[in-house]
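Just passing along the structure, written as structure tokens.
We call the chains A, B, C and D, going by the order they appear; numbering starts again at 1 in every chain.
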Amino acid sequence: MTDYTSFDIAHLGNVELFTPKFDESLWFFRDLLAMRVVAEDGDSVFLRCWDEYQRYTIKLTASDQAGVGRVTFRASSQEALERRVAAIEASGRGLGWRDGEQGVGPSFAFTDPDGHPMEIYYETERYVATDDKPALKNQASAFPGRGVNARRLDHINYLATSVEDNGEFVRDVLVGRESERIRQDTGKYAAWWFHFQNKSYDIVYSDDWTGHSKRLHHIAFAPDTREDILKAADIFLENGIYIESGPHKHTINQTFFLYVWEPGGNRIEFANAGSRLLLDPDQPVVEWSEEERKKGQAWGMKTIESFHTHGTPLVE
Amino acid sequence: MTDYTSFDIAHLGNVELFTPKFDESLWFFRDLLAMRVVAEDGDSVFLRCWDEYQRYTIKLTASDQAGVGRVTFRASSQEALERRVAAIEASGRGLGWRDGEQGVGPSFAFTDPDGHPMEIYYETERYVATDDKPALKNQASAFPGRGVNARRLDHINYLATSVEDNGEFVRDVLVGRESERIRQDTGKYAAWWFHFQNKSYDIVYSDDWTGHSKRLHHIAFAPDTREDILKAADIFLENGIYIESGPHKHTINQTFFLYVWEPGGNRIEFANAGSRLLLDPDQPVVEWSEEERKKGQAWGMKTIESFHTHGTPLVE
Amino acid sequence: MTDYTSFDIAHLGNVELFTPKFDESLWFFRDLLAMRVVAEDGDSVFLRCWDEYQRYTIKLTASDQAGVGRVTFRASSQEALERRVAAIEASGRGLGWRDGEQGVGPSFAFTDPDGHPMEIYYETERYVATDDKPALKNQASAFPGRGVNARRLDHINYLATSVEDNGEFVRDVLVGRESERIRQDTGKYAAWWFHFQNKSYDIVYSDDWTGHSKRLHHIAFAPDTREDILKAADIFLENGIYIESGPHKHTINQTFFLYVWEPGGNRIEFANAGSRLLLDPDQPVVEWSEEERKKGQAWGMKTIESFHTHGTPLVE
Amino acid sequence: MTDYTSFDIAHLGNVELFTPKFDESLWFFRDLLAMRVVAEDGDSVFLRCWDEYQRYTIKLTASDQAGVGRVTFRASSQEALERRVAAIEASGRGLGWRDGEQGVGPSFAFTDPDGHPMEIYYETERYVATDDKPALKNQASAFPGRGVNARRLDHINYLATSVEDNGEFVRDVLVGRESERIRQDTGKYAAWWFHFQNKSYDIVYSDDWTGHSKRLHHIAFAPDTREDILKAADIFLENGIYIESGPHKHTINQTFFLYVWEPGGNRIEFANAGSRLLLDPDQPVVEWSEEERKKGQAWGMKTIESFHTHGTPLVE
């Protein structure tokens, strides 16, 4: 049995997103989400949420197709990094060390079984605010006071050809702890939720119905309140952003949610967990059946069909 | 340097409160906070918050004076418990093993340097809902839908004759991590905040201006939203509960707060942190000067005078 | 052109609801909505919202079938009452004077063209709080601090065989002002919204697809905030009340809404308008086409099918 | 007895504010409140709230001193306008007709007994959105999604040498209806609240402790929710705007409030009334004694001292 007195991975580090509509996607993250551009490099722009202690949150890269690129994880210490790298190498999925970007130190590259590119690192430079100095010094940078004001990145939800294989990799090699899962009548998992510290999830795998690999279901940001998410819906309505589902409350992990598609096609969630944290070191896994899943979301809204037809990159 | 890849203490377990007005205090916790009575034993009643995975949250005990009794901490594992017990014994503050109450397993008793009684345990029974079964099985019991609906205990703030001595005990023996502190011009700490996992604080020490020991500044509960706290203020207004300060936003750790005095005289806080979590394993400590403290709370409200004159038990 | 410098009708007075499950319906209004029982009379119970200045809000009556009984309107003055009574008599829909109930003075009975029973009155006794005295004397009674805490009745939405006939009656005889409407491609109205003072609607007619008459689509209560409505959804979830739709935001009149079915089958809405008021004495009517209506609600949720299949009493 | 079946004044029209720091004040209203500049004229700029049906809300004018200029009221109809003009002329306070600004039609100028300049009009052009077209056509212009997002102007609170004289003028000549008032032990009113339609107040007079005349206590805007006001506090904190008091809940009329001083020195309030409306045509006046006033605001916060020392223009 795995010992969960310690998590070698502290949190999701940052995420690269591909977009075929670079300018519109940049407008979405910068102007509608109020993220700050901190650097540009070739076809990419690096953006940060206002209470991100590291330099950047999202690397947005122009591409033929939407989708997710490299996703990084910050280790809890140098020793934790070394432990995880050893485990990854032992799993045969290691790709070797490389330099991190934008203040991120040495990063060890690998892939999950589905082939999604990942890296793990420990060293990182803290963001130094300039004209965005916060009024309170226990905050990374000034509260923007516009748009969705996303405080921080929350989680990533991958699509994968095998939820089991990828979930087991997170559980056994990255040592994430499962919080909830959906088990189909066939015994196969439809989705599997994992977390690293007290948040109820940081990384999720859902079944890719197309059989393709390396695809993204969504990434999520965490505003502070449910009212922020209601306001976000108004902002997306006014700006012609496709609202796919919500605001509503998830049955699984009980997060209050809103899903939209950014102009490049990637699904973006805004999620709020209230004061719900997984403080229990022995938190039992919650498993949902196919029958239970049919009840829809917490307040009865049916899960939208496109949750099972839309992922990025788009495939036939 | 302490390694914070792991916390041997998972969270504050439960708190015993003394009250000279037992019936009125019971009404406050049961009827106004919507806590559920799970057991009675002699002069004590055990009450729980609706999303507490353990059996109880607060033990309320009739007494001559208000104040705080035994406070417990849950260890992250059996090994973590043993490590902390060894450290406590080495500190000379250990008092030996005793049986826990209400499903709590073997508990090791000790005191902090101020003399506050504490215990640490690992084994605990999960609460089994009966007529309070929740609609969603990832919740400990049904949402009460009345009163303040406090989801869970959040933190305890002790008064102590020496903030330094007690803070160092938490830091070195319990291995809590400091998040913020106030340093007076004299160099002495006026208050010191510690946390065990991702919450920004679980245990706090403030200077006891009276020179007495073993006193309480307040305990806090965590409702889900700031609106819950605004509604709580209306509920306390209607029920004649003394509202001491708030709703407002703390500068330190940025929690949205409301302070009231329960009928027995103990100060009770309702606190909401939004989506702010300390995810960074290297989070630097934030230190506030006497000068900065004079600015009051985040939105400018002066810190109320009685914060520095009222504690329990009351002293001359 | 009608002169809207004055409204002879001040507001919806109170509503009688029929229920085939009296005890369960009473539990819904009293325990879940936190309405107070002020009187009982035969098969009926009178309940009030906490900030209702009159004695009661809802008369709940045991019956074979769900549905709506007598609905009353309070006139703005004795002269206004007399003007409206004269107009109603001239329309041929008057039924004569009767005594009001529970402090309501002389009431003139009539029906709308669909046959829904209505009354208009001016004299009314103010509610005198006893053990529910509010802390602030500018409030009718104490804030209950439990359940949905519905502040006041908001509006009624009837079903009718002819939206036009009934709407014209409200417009011409009761002198309500239209705020919004849906016009089908055939030219017929699918729904028509009317208001008496600054609220954007008080009485609505929707097309009864069954061809039956005297039926109810829903009545609505006004909690103070959108968060109240989110909390209401949790309360209904925990208590097994069928949540039909929402929380979401209406396109029409932009109210934030939640629809549930009380145990007797009547549809109940909880609606919040924020700070949106119709202050303009010349507010133009907003007309929506069938095409626009297909876009669903404000944030994109499709209007639920049962909005066009469920009304009370139920018919084949 | 005045007949309140009809209000000849529909609502506060718009307000001219003077500022000795024009650029900073413009930044406050345009950038922090998200008001839109619709016209410039000499030393003045006209700005509008996003759901204002008329062209503008505030006329900001450079001046030596802060303070309030001309305040306008929209009549409910042409006849209502003529009735009020006749009454004003009869009171001896009329100054004659002049052209309105920015789409406002013929306006009749007058002063209240304190000498504050006022105008009344009926004709007005509706705002035509261009690049700020709203997604929903029942809204005046697009929701800005930044800053305080103030929906509309709410009320004005004047200082006056005689609360009684000015209040009687509003009551008898403008035919506003009193909602609440504070009566000092001497019998004199300290403040008097008046409303025109369902809002609980539109115009207020408070005692000017300096004996000067024509001064302003504050003007208020109405965001949609209490959360908007909490967010506003964060925005003002980050932008160095002086927060004078709140967020908190008023005892009088129960509005949730936040007071700041815009850079020019004028006090600006953000107020939310929830779903509280004065629907009762016979609403009794609520009078508060000096003793009651000492209890402070609804949740116990003492009324800030500067409420009785700061007004604009500043005087010795």
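Assume a residue touches a chain if its C-beta (ideal position, glycine included) is under 8 Å from a C-beta of that chain, and two chains touch if they have at least 3 such contacts.
Given the structure is predicted, the values throughout are model-derived calculations rather than measurements.
What chains touch chain A and also chain D?
Both-contact set = B, C.
When every step has to jump to a touching chain, what is the lowest number of steps that links chain B to chain D?
Counted as steps through touching chains, the separation is 1.
Can we say the copies chain B and chain C touch using the same residue numbers, with more than half in common, or are the two sides different?
Because over half of the interface numbers appear in both copies, chain C and chain B meet with the same residues.
Just how far, in Å, is the C-alpha centre of chain D from the one of chain C?
About 32 Å separates the centre of chain C from that of chain D.
Just curious, how far off is chain C from chain A if you go by their C-alpha centres, in Å?
Here the centre of chain C sits 44 Å away from the centre of chain A.
Two or more other chains in contact with one residue: find those residues in chain B.
Each of 136, 225-227, 234, 237, 298 in chain B touches at least two other chains.
Quick one: which bits of chain B touch chain D in the complex? Just the residue numbers, please.
Against chain D, chain B makes touches at 226-227, 230, 233-234, 236-237, 242-244, 246-249, 256, 298-301.
Residue numbers of chain D touching chain C in their complex, please.
3-8, 10-11, 51, 53, 74-77, 79-80, 126, 135-139, 151-152, 154, 180, 197-199, 222-227, 251-254, 272-277, 279-281, 283-284, 286, 298
Using the touch definition from the top, list the residues of chain D that touch chain A in their complex.
Per the stated touch rule, the residues are 32, 134-136, 142-143, 145-147, 225, 227-228, 231, 234-235, 237-240.
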